[in-house]
Amino acid sequence: METLFFLIVAAIAVICSLMVVTNKNPINSALSLIMTFFCLATLYVMLEAPFMAAIQVIVYAGAIMVLIVFVIMLLNIKSEAGRRTSHALFMGISVGLLLLVQTWYLLVKSSLSSVRGTVDSAMISKVGHTELIGKSLFTDFLLPFEITSILLLVAIVGAVVLSKKKL
Amino acid sequence: MDTIAIPAINLAVIAPEVVLSVVAMALLLINVFVKSEQKGYLGYLSIAGILGTLLMLIPAWGSSVEGFSGTIIQDNFAIFFKVIFLISAAMSILITDKYLEREGCNQGEIYPLILFATVGMMLMASGTDLMTIFLGLEVLSVSLYVLAGFNRNNIKSNEAGLKYFLLGAFSTGFLLYGMALTYGATGTTKIAKIASYIAMNGVSSSNLMLVAGMILMSTGFAFKVAAAPFHMWTPDVYEGAPTPMTAFMSVGPKAAGFAAFARVLLVALPALKPEWSSLLWVLAVLTMTVGNITALYQQNIKRMLAYSSIAHAGYILVGFTAGNAVGTAGILFYMLSYAFMNIGAFAIIILVGKKGEENSNVSDYAGFGYRHPVLGIAFCIFLFSLAGIPPAAGFIGKFYLFSGAIQAGYIWLAVIGVLNSAASVYYYLRVMVFMYFKEPTEDFEWVKLTPAFVLCLLIAVIGVLVPGVLPGLFLELAQKAVLM
Amino acid sequence: MLDNVWLIPLFPLIGFLINGLFGKKIKNEAVIGGIGTLMIFLSFLVSCGILMQLVGMPPEQRVFEKVMFPWIHAGSFKADMAFLVDPLSAVMLMVVTGVGSLIHLYSIGYMHGEEGFYRFFAYLNLFCMSMLLLVLGANMLVMFIGWEGVGLCSYLLIGYYFEKKSAGDAAKKAFVMNRVGDFGFLLGLFVLFWWFGSNHNIWTINFVEIKAASHLLPYGGVVTLATLCFFVGATGKSAQIPLFTWLPDAMEGPTPVSALIHAATMVTAGVYMIARMSFVFIKAPETMMVVAVVGALTAIFAATIGTAQNDIKRVLAYSTVSQLGFMFLAMGVGAFGAGIFHLMTHAFFKACLFLGSGSVIHAMHHALHKGHLHDDAQDMRNMGGLRKALPITFITFLVSTIAIAGIPGFSGFFSKDEILWQAFANPYHGSLNILLWGIGCIAACFTAFYMFRLVFMTFFGECRINPKVKEYLHESPLVITIPLMVLGFLAFVGGFIGMPKLLGMLPNYFEHWLDPVFELANEYGKQYAHSGAHHSHALEFGLMAFSVVVALIGISIAYTMYMANKSLPEKFTSAFPGLYKVVYNKWYVDEIYDFLFVNPCKSFGNLLWKGFDVVIVDGVVNGTAKLVMAFSAGLKGLQSGYVHNYAMGMAIGVVTIIAVYVFR
Amino acid sequence: MVSLNFYLVLSAILFAIGTIGVLTRRNAIVIFMCVELMLNAVNLTFIAFSKYLGNLDGQIFVFFVMTVAAAEAAVGLALMIAYFKNRESIDVEDMNLMKW
């Protein structure tokens, strides 16, 4: 049952992502991408990561994609004028498929880490996923968390520098 | 509700980064109140900040402090690289102001952005967790995307920024995938724990997930250091970016890429040494050869130096392939001397250039050596050092890198390296031939030295000649800073 | 005194700094030239002191290493900035500083009034410093620094007249060819370094240490590889086949430069390097043979080409290449002492010849300038009969020519004869010896021929200079003639310190002096030397006499061709009909010579010059360059400027690497 | 319970599709969206690993990847706007002012 549900969601995700790549109109691509993100959020829930699912929707689908759609509107980009040459398409697709075959092969062939952590379903349901993530962020990964603040500041400054009206 | 126990925070570990970030933020605020013609003062303030950071780093030499639950470390290796970053940032800032004035994009934000990029590089050098390294790399990259496209009225600069961004984001995908696979294979993102897990559980090259993780991470770093075949963005971005930023990009981020690359491979994955050293072997040969051979054809001097910087990444990869103490010390020494010689050369290019990046062809240097003898000699010193001709520092560095490779048994790699550096002389020499053996077509009267340029060139000349003639001290420091 | 060996390279460095930094401000030529000359002369004095001290020591203790400061230390590998003084480097020191001082002095007069006078002296001093580093280096790295340094200075000085395009091209050619050689040097260094390190854990490039450990080296094998690499380095620097074409072109530089760098010192660096590592080279019999054959071939090739040249400096340039070939021949037959001896005598007479030709050119140039003529001041066809106008130049030039031709009593005879004898009698190359000796003799004959041709065309016969300017011809000033006289004197007597035992008048000081240096090499050589072949004194005398005869033949051909048959025939036939037949016969002989000997040789020389030198060697060099450039253009094409192509490159890279590692 | 390999293979498929998109599309914004798709594929890998390894490091990593994606989006779109202002296009086939 669960596997069936997974397969359905996965199929939708793959189809939507294919539409991202194939759609001529950028807006349609963006909307398909948002669909893919929703599918992924669903999968996160299945993986007992509800917090990640939430921010996937809020940050990715909500913020980033809105920004992208906004820019597409702002620049008033129509459908792509022309296609790439069939040669380039062929090369791109075959390299991509090759990459897929390779990753598939090595994922099937390789072994996972044998060390199991302390976090299991029981703990997540008892303590709560958000709290676990929060604790981890503010203890073990405090420094990376702080670095993101600098990263966002740089992004803001950069965006302003590149697009403010008057120099 | 139980409280969370925040672990003891050891600010001393990240003090240099904190200081530099605070200076950068303060500059952002000050910038609002500074008139457009006086933005140059922000440069001096940022240099003061860099000097302060340097002063904080020096006492830390010799100790190795971990902090923040093992996500960061301040050891000699990191400190040596941080000094390189700070020097390259300071020298680039010295030559920025005049250039921005000339090109008419005098925006004060460039200085905080350079400082933030430096913070990112410092985090890459001292990060001991894949997350820290990744975030440091992103802080650096995001700043660089902006810096490359900083001259937003110049179409070339736009294009450079956008190309860098698209390809950089693409390579980030591979880097992340590599990190994910490494995480899956070892169950952790901490570098020390990865190593101990591999050592304890006897995971080896038979675990394809780990090997693939190593390969994908390597491609990500190879993109950052511009190793072939992940180098193709370099010439375009270096040509289009504002020249001081090209100088900065060709040194700092490359060094940072090598720092993180070295820490990941040497500390986290020594068990895979046979695999990664053969990979690096191929990358080194490709990178040197492609860089040098393509440089032979270039007419634009910025583009020529871009290809030459690819070749130099190749030489450094030679030392990296060796993976021994001598090779690693060679990387450190070479990066340091490369900072001086390359930024020095770019400083001259800025001086000779005209508005709109005009006058940057090799043939535009005809007779320059006679119109400006002192600058001509300085340029020659930098070019000789890049070509690896004694007694400049570049020679000692190359010798060291190659002898590291020989000690590790990679004699053919060293041979190819020597062959390449012999070929590289040709295109450096071509510039000198134009400077001295061609009839001047220009009077070069617009070439005016400012005190900042004099300082930058002086530092560069000293930085090339002193380690070249008396490399003992620098090599000793480099040896104390290796990761083994 | 030995402790102060560091002063020797320091003085020229000071001179370089003073002239380089303040020369433009000083302006006064006497001061600039004086400083430059004084500095190298001070080095000469220190060198003399060191030589004296070495002489006072017992022979086996004459090795001294002065460590200035630790330079590169990497784990077990150490390279110090250190100087090595032993009999070999002492000889080189004397040659470099002695001849160097004289040439500096000469340059004051020769370069008078040139633009960039200070630049010239700064470069010249820098060159001397590099050359002294090369000579004194106690390890290969210091030597390599000097090695690169002299190449660089040579580049700067060849391109001194940068307004001339040919000068720039020549400079570039010299530099690039030298770099090919440098590449060989570095490779040899690396091979040796790697072999000692990986097999015996001796990570060293120090000459003394390598010498001490040289018994570990095998015969042949890796040593052959290393020595061949070194030999490639030597061919580049010392202008041997196939890397010799830069040297004739290098004559674009000022004449003192040709004398100092391209005759007396820098080009002999390759010979010096082989002598320095004689104990390694001797362990590679194959390399020794290659060295000997290349040396002999270069000697004869360059000599034949020399017969077809009309530019006075180009003749001397090919002569230098040929003489260097003799030195390599000596190295290749294990006669290291003889090679170094010839290096020294060659420095004297060739420097004198170049300076003399400079004096001629100087006078010609001056006269032509006064007469507002634009004839080529270096073309011998425009000269003739200059001995009256330039008596001192003529005498010194003649002495040196006799010396190079190998007439007994003059320095060149002793050294060249020693080489030829060793080529014949050495125990290493078996039946090849006769061939080496034969080629050497023929080359010696040619040498005598073209050198006397040069003398006859320049100094004898009727004056072919435009009569308008004849009156302006006069001897050069003292500052030019004094070095000429000193060098001429040395070219005359310099050989007596190395007189062969056979002649027995004086002991062979020179060989005894160098004995401690080459003792070990001779020891190793015995391992594979053919024993038994003992040659009698009579044979040695015979060969010596033969080489003299050969030289005389060369001279007499030159005489008949360029002196006797010019205008004499007509005069003789009209005034003395009885002698007609004699003259006729002479002329007839000349025809035969022309037909049998000279013409084929001249055309052969022309062929070599045009065919081998210009087409093949330059062709290969240029062809390689073209190939690389084409490759470069191709690679450049990959850089299309399109983001998706770059992304494709990255993706293909990733896919390929994964494919290699995952599916191996 | 769904096997880990299902998730990994799904993420590999999404990653490959993203790569194909980068290699074949001409519009810079769409290329950027394809990069986002690649990053999301990696995120899925991280979270799947995290679940099956029973430690949260992977999920924390995803948290940071999202931040990075946001930052890159801001800067990248600003670059595109600046480029568009000068060139009236964001087609990568027009971006070849510098080559060779």
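We just call them A, B, C and D in the order they show up, numbering each chain from 1.
Criterion: contacts are C-beta pairs under 8 Å (C-beta built on N, C-alpha and C of every residue); 3 or more make two chains touch, one makes a residue touch a chain.
Computed from a prediction, not measured in an experiment: that's the story for all the values here.
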(request) Check B-D against B-C and say which one is joined by more contacting C-beta pairs. (result) B-C
(request) Find the geometric centre of each of subunit B and subunit D from their Cα atoms only, then give the gap between the two centres in Å, rounded to an integer. (result) 26
(message) Suppose each chain is reduced to the average of its Cα coordinates; what separation in Å results between subunit B and subunit C?
(response) 44
(message) Rounded to a whole Å, what is the gap between the Cα centroids of subunit A and subunit C?
(response) 71
(message) Averaging over Cα atoms per chain, report the distance between subunit A and subunit B in Å.
(response) 30
(request) Enumerate the residues of subunit A that touch no fewer than two other chains. (result) 84, 88, 91-92, 95-96, 99, 103, 106-107, 112-113, 115, 117, 140-141, 144, 148, 151, 154-155, 158, 162
(request) Name the residues of subunit D that each touch 2 or more other chains. (result) 15, 18-19, 22-24, 26, 28, 31-32, 49, 53, 55, 57, 60, 64, 68, 71-72, 75, 78-80, 82, 92-93, 95, 97-100
(request) At least two other chains touched by the same residue of subunit C: list those residues. (result) 636, 639, 641, 643-644, 647-648, 651-652, 654, 658, 662
(request) If every chain is a node and every touching pair an edge, decide which shape results: line, ring, star, complete or other. (result) complete
(message) If we count contacts the way the header does, which residues on subunit C are in touch with subunit D in the complex?
(response) 636-637, 639-644, 647-648, 651
(message) Going by the contact rule set out above, which residues of subunit B touch subunit C in the complex?
(response) 163, 166-167, 170-171, 174, 208, 211-212, 215-216, 218-219, 223, 229-230, 232-233, 235-236, 275, 279, 290, 293-297, 325-326, 329, 373, 384, 389-391, 395-396, 399-400, 402-404, 406-407, 409, 411, 414-415, 418-419, 422-423, 425-426, 429, 433, 436-439, 470-472, 475-476, 479
(message) Per the contact definition, I'd like the list of subunit B residues that touch subunit A in the complex.
(response) 4-7, 9, 14, 21, 25, 28, 36, 67-69, 71-72, 105-107, 109-110, 112-113, 116, 119-120, 123, 129, 131-132, 135-136, 138-139, 142-143, 145-146, 149-150, 152, 161, 184-188, 197, 201, 207-212
(request) Enumerate the contact residues on subunit B facing subunit D in the complex. (result) 130-131, 134-135, 138, 142, 145-146, 149, 152-153, 155-156, 158-163, 165-166, 169-170, 172-173, 176-177, 179-181, 183-184, 187-189, 235-236, 239-240, 297, 303
(request) Note which residues of subunit A are touching subunit C in the complex, please. (result) 84, 88, 91-92, 95-96, 98-99, 102, 105-106
